[in-house]
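Below you'll find the structures, each written out as structure tokens.
Both of the next two complexes hold chain A, though its partner changes from chain B to chain C.
Right, the complex of A and B next:
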């Protein structure tokens, strides 16, 4: 059923505002005059191109997809389909000026304040027709309880009711049987996309995309090796989040993404050669190597992260998005491609990797990162949406005790600075670091 | 618990529901029987029974604090697992030989991780992988999961769990489901002889008593109810929709205000027993897989069948001539928060039954607030 012009126009309005906000960010990054600024600017240009493709698809009635980074985007990008993430705004534009107002709107709708903000916001957008309505949608029903509930609201909404939706079912285990099952779910997903968009999967093209994405993953892994250096060549401004955005969201298997990663590692290696670390401003140096075990606090990142580095010399050497096994895709047959895509998307993808299965992933990641990155302290921010993580706090604490590395659990909302005020978060971090003699 | 019911069978059920240990469980253990704890209504308890266990649905009954489990969970976790785990750390579950967990929700699934690291008394523990979707591929996945559990239990106990034993366990549980449905039939009356709080106690008892014996008790209770006088002194007929509700006291508070609870869709209520396991299926494990993934009335933890869930709610409300629905929810539960949001919308959209969302803690607190909100709700219903 075709959507009316009015519904379509309204559905894309917020998306365009977001795009325009990113344009402002691009201008700011271009003015920075730093290597991080240049890398950010290139990333933002790639991101804006992806956004323009979606706007164009909406305005000109071309097929496009609502999808996720862990739905094997190699498949639908190789089919040439533009796509966006249903949960894109909280993860990418959480510091945009309209976010707090939208969060309040969600609360007023009766979604309370204990539901993950990354879930509340998309529900608010869907229910108020503030999100592009795609030709078909690939849902996400893991790693948390919120995600499947969000997609059930999507099916329930009157504008989205007729949007075909397919979600891959996630096993709780990660063994071969689980990966094969998930690979079958991905095969079904491919047939679903073909059925609803008219696009066809060309295996040669998929091989090409996977090989390019393998190249990206290989450089990413090399880059993460480089980050083990003391001092770390990059801080919060460049790392897991940016690598993730390019490799898994906006430029999957594209030559530009390879070029971006090549520049990234070149900058990092140059710094190591020069013996300099992440310090982009005069007057501070790396004093504490920190493992921030979650995604970045996107809603208030600029009010917190520079402070962390410049005031305390605390450098985030790794975080949840920079920390996974980077499995490569064996492109020798269709069978191996689907198997490896299933593994990459079910077992490796950031956040999915930690939160989907048993708590071993938390403790093993902490062990590996603390050891390999010479980490001084582990901070579990304790995002209000990460309830499985909240129930793993004792295990994380115990793991850190065994490693003899201090552990801090804060308790905050990564997207909403009013949940725990930034001052309170800062106080907790300072008290913690002081208590362990780091500042 | 307070009751007007003159029934020895009811008294025994209420006693069993009122604590973790009960005299019949004690006797079972003393006679050399073993008990297996399980989380959530999607663990196939029939398999545990076929292995010779007394299946015990995990509860936190009797807990008054979370002082021990607070080191493992956080303040944003649902109070149900926090209280159950606290009880476990206090040793209240040391009688379990086995614990079967499932990836039911973000809170409960972590009990497994914390349990294996901190509760030494349990000899066997595992976590099952329950799919989210409800299609044929998911039935096949869960079929394999149940067979895996069967193999693990066989190894652990050194026995063979035969198809016949599973069939017998299914048959017994289906008989129990049938009797429970008959119990609910009494509640359709204008003057039901049993209250909602009393019914809940009977349902909870069905998850912690030896099942043969529970079946006998249910039979006796049904006979007692034939004789019993009904109570007609209420302001509205209420349905409860929600989750892990095992505390009759919560229902009693609603009933004290004049809202007689006549039916439900909860984890200890109709969702357990409204539909039987298909006994005509040749492979009993396949029958269990299909039942737990597909055919039993689902909770929102399963994905994609909200239309069926709201249809079930409407069907219950209609059959039991319900005047208002109370959607209870444990704080921090994402599943039920969003489910109630959609239910409220659906009911309002069709100008149907009034709906009240009531957040609560697992161990009853804020009774005054619950009373006030229920009173206001009853006034709305009465117009």
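Right, the complex of A and C next:
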């Protein structure tokens, strides 16, 4: 049964507010007058275009998808389908001014304060008809136990009850057999999307999109190499999060994303040649190189990261989303494309890589990143929702001890600054860095 | 006898087969102590010998880009007699003759020492990723593969595979004195030649993962769930629930819900 105009309008209201928040951000970025400001502005324009495509689809009854970055979005691009991420607000818009109000709303619903905020928020939006209702939806039954619960809510909500849902089944292991199994799941997912949207997958188009995506990932890797430099050419403001947002969420396999990455590497290489660090202020120097092993704290990033970098000279040289374990997609046949997409989405994608896989991934990634990026301190923020990671803190700690690199476990909510106050987080970080003689 | 002895032989057989098929092999030899091995090299070797990074514009050649072909692994044994100390074998073009190229790259480091055991496996494997220890040589940060660059300046000074091999040997022997003998194989020709090595590498990685798992277990950590559905005593309960769900779905009118 078709949704009423009123339900549709309400479902898109918050999404439009989010879009308008980013429009405001774009105006600010355009005023910066720096190359990094221009990069941010271009990113925001790409983001806004993605959001407009979804708004257009809702308002004009065009097919669109609810999904995730780890559902091989190259396939959506190839089919010409707009899509949004069911967890989009916490992942990509947590700095929006209404976020705390919505977290409160989620708590008032009875979701409490212990369930991951990235899960609580979309549940709140779905239950209050504040999320676009797609033609069909792709679920995420990994990497953590909370994710399936979100989709159970979605299945039982009255507005979503006619939205077909398909969730790829993720094997536990990461060997060849597991990847082949997951490739078949992605094939089935493609058939599901075709069936419910009427769009068809054109293999030639998929090859084209994957090749462009390969170009993007090649430059991304080059950019991450550049970040190994001492001093690191960029800090928290530009890095893994932005690369992830463009390559896996807002503009997958499109020419604009290639152009954005080409500009990014050019700007970073120029900074290396000039010997510039993350900050160009006179007298500032990079004192300590940090590996922030999680999502950036986007709910309160502007109140924390500038302080960390400007005041302490502590630079985030890599984070969970900048971690680059990706391999390129072999576009020589349908078989190889699906196999490599399966690997990328089952084994490589951030958070999925860590939380779904064996704990060895935590240890191995720390080992490689500390060595390659000359990391002085590993920070495990200890997001309240990352209980999977909490179970491996001991392994991370042991690994860091072996590498002789200090390891800080904070304990916070990446999206809610009231869970552990920013002052408390600052206090923990500064005490730790002082104690180790870095600042 | 160590777990990898059979694979040391397999690598030797693979190299021999390539040679018999007409692939010319260059062999260098520099056995002995680290100082002797690194003496006279055209670049500095050791901690912080290479500062900074090699930008694209400063790159003389690239090795092991996954599109060109890439395979690297470490083998070790407690029987040094299986190894010809100081031997570096190169099959394929050398660095000076490959300006601007992106060559396929196979690299096998083989280490021997009476005191080596499975407890050393993880640290021995790390030696293939010499991040900043060879001047003019940079390894990209990519898991499970060696993808590297040689800088123009180093190439101008005569950096070649003998240099790289000797540098790697000096680094390993300095850091791990229990390595009494070391041998290296480099492959730089043909993606399919490197992929042939990958068949051995896949098995090595599998064994390596088991060793890592066991080493963590000794330290009190399980890095992998030990049980799965096949071994779970409650499997019958889950199977019954699945059957009930299947029956319910059949009777349900919301067909799309049955998608998953």
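Quick note on the criterion: the second predicted complex is superposed on the first by the 435 of 439 C-alpha atoms of A that agree within 3 Å, B and C clash if a C-alpha of one lies under 4 Å from a C-alpha of the other, contacts with A are read in each partner's own complex, and residues count from 1 in each chain.
The rule is simple: a contact is a pair of C-beta atoms (placed from the backbone, for glycine too) under 8 Å apart; a residue touches a chain by one contact, two chains touch by 3 or more.
On a predicted model such as this, the values are computed, not experimentally measured, just so you know.
Student: After the overlay on chain A, what do you see for chain B versus chain C, clash or fit?
Tutor: clash
Student: Of the partners chain B and chain C, which touch A:409 in the superposed model: first, second, both, neither?
Tutor: first
Student: For A:235, using the defined touch cut-off, is the partner it touches chain B, chain C, both, or neither? Pick first, second, both or neither.
Tutor: Neither partner.
Student: Going by the contact rule set out at the top, does A:358 touch chain B (first), chain C (second), both, or neither?
Tutor: A:358 sits against chain B and chain C alike.
Student: Between chain B and chain C, whom does A:146 touch in the aligned arrangement: first, second, both, or neither?
Tutor: It touches chain B, and chain C stays clear.
Student: Quick check for you: in the superposed arrangement, does A:313 touch first (chain B), second (chain C), both or neither?
Tutor: neither
Student: Under the stated touch criterion, which partner chain does A:119 make contact with: chain B (first), chain C (second), both, or neither?
Tutor: First partner only, chain B.
Student: Thinking of the overlay built on chain A, is A:155 touched by chain B (first), by chain C (second), by both, or by neither?
Tutor: It touches chain B and chain C both.
Student: Looking at the overlay, what does A:350 touch: chain B (first), chain C (second), both, or neither?
Tutor: neither
Student: By the touch definition at the top of the document, which applies to A:297: first (chain B), second (chain C), both, or neither?
Tutor: Neither partner.
Student: Once the structures are lined up on chain A, find the stretch of chain B hitting chain C; candidates are 8-16, 116-124 or 206-214.
Tutor: Superposition on chain A puts chain C right on top of 116-124.
Student: Do chain B and chain C land on any of the same chain A residues, and which?
Tutor: In chain A, residues 155, 167, 169, 172, 358-360, 394-395, 398 are touched by chain B and also by chain C.
Student: Using the touch definition up top, name the residues of chain C that touch chain A in the complex.
Tutor: Listed in rising order, the residues are 51-53, 55-57, 66-67, 126, 129, 131-132, 138-143, 209, 212-213, 216, 219, 221-225, 228, 254, 256-257, 259-260.
Student: Name, in rising order, each residue of chain A that touches chain C in their complex.
Tutor: These residues of chain A touch chain C: 139, 155, 161-162, 164-167, 169, 172, 192, 196, 221-222, 224-226, 228-230, 269, 272-273, 324-325, 327-328, 358-360, 363-365, 367-369, 371-374, 394-395, 398.
Student: In the complex of these two chains, what residues of chain B are touching chain A?
Tutor: 71-78, 81, 103, 105-107, 109-114, 117, 127-133, 135, 137-138, 141, 144, 300-301, 303-304, 306, 331-335, 337-339, 341-342, 344-345, 357
Student: If you look only at chain A, which of its residues touch chain B in the complex?
Tutor: So the residues of chain A in touch with chain B come to 109-112, 114-116, 119, 123, 141-142, 144-146, 148-153, 155-156, 167, 169-173, 177-178, 181, 184-185, 355, 358-360, 382, 384, 387-388, 390-395, 397-398, 409, 411.
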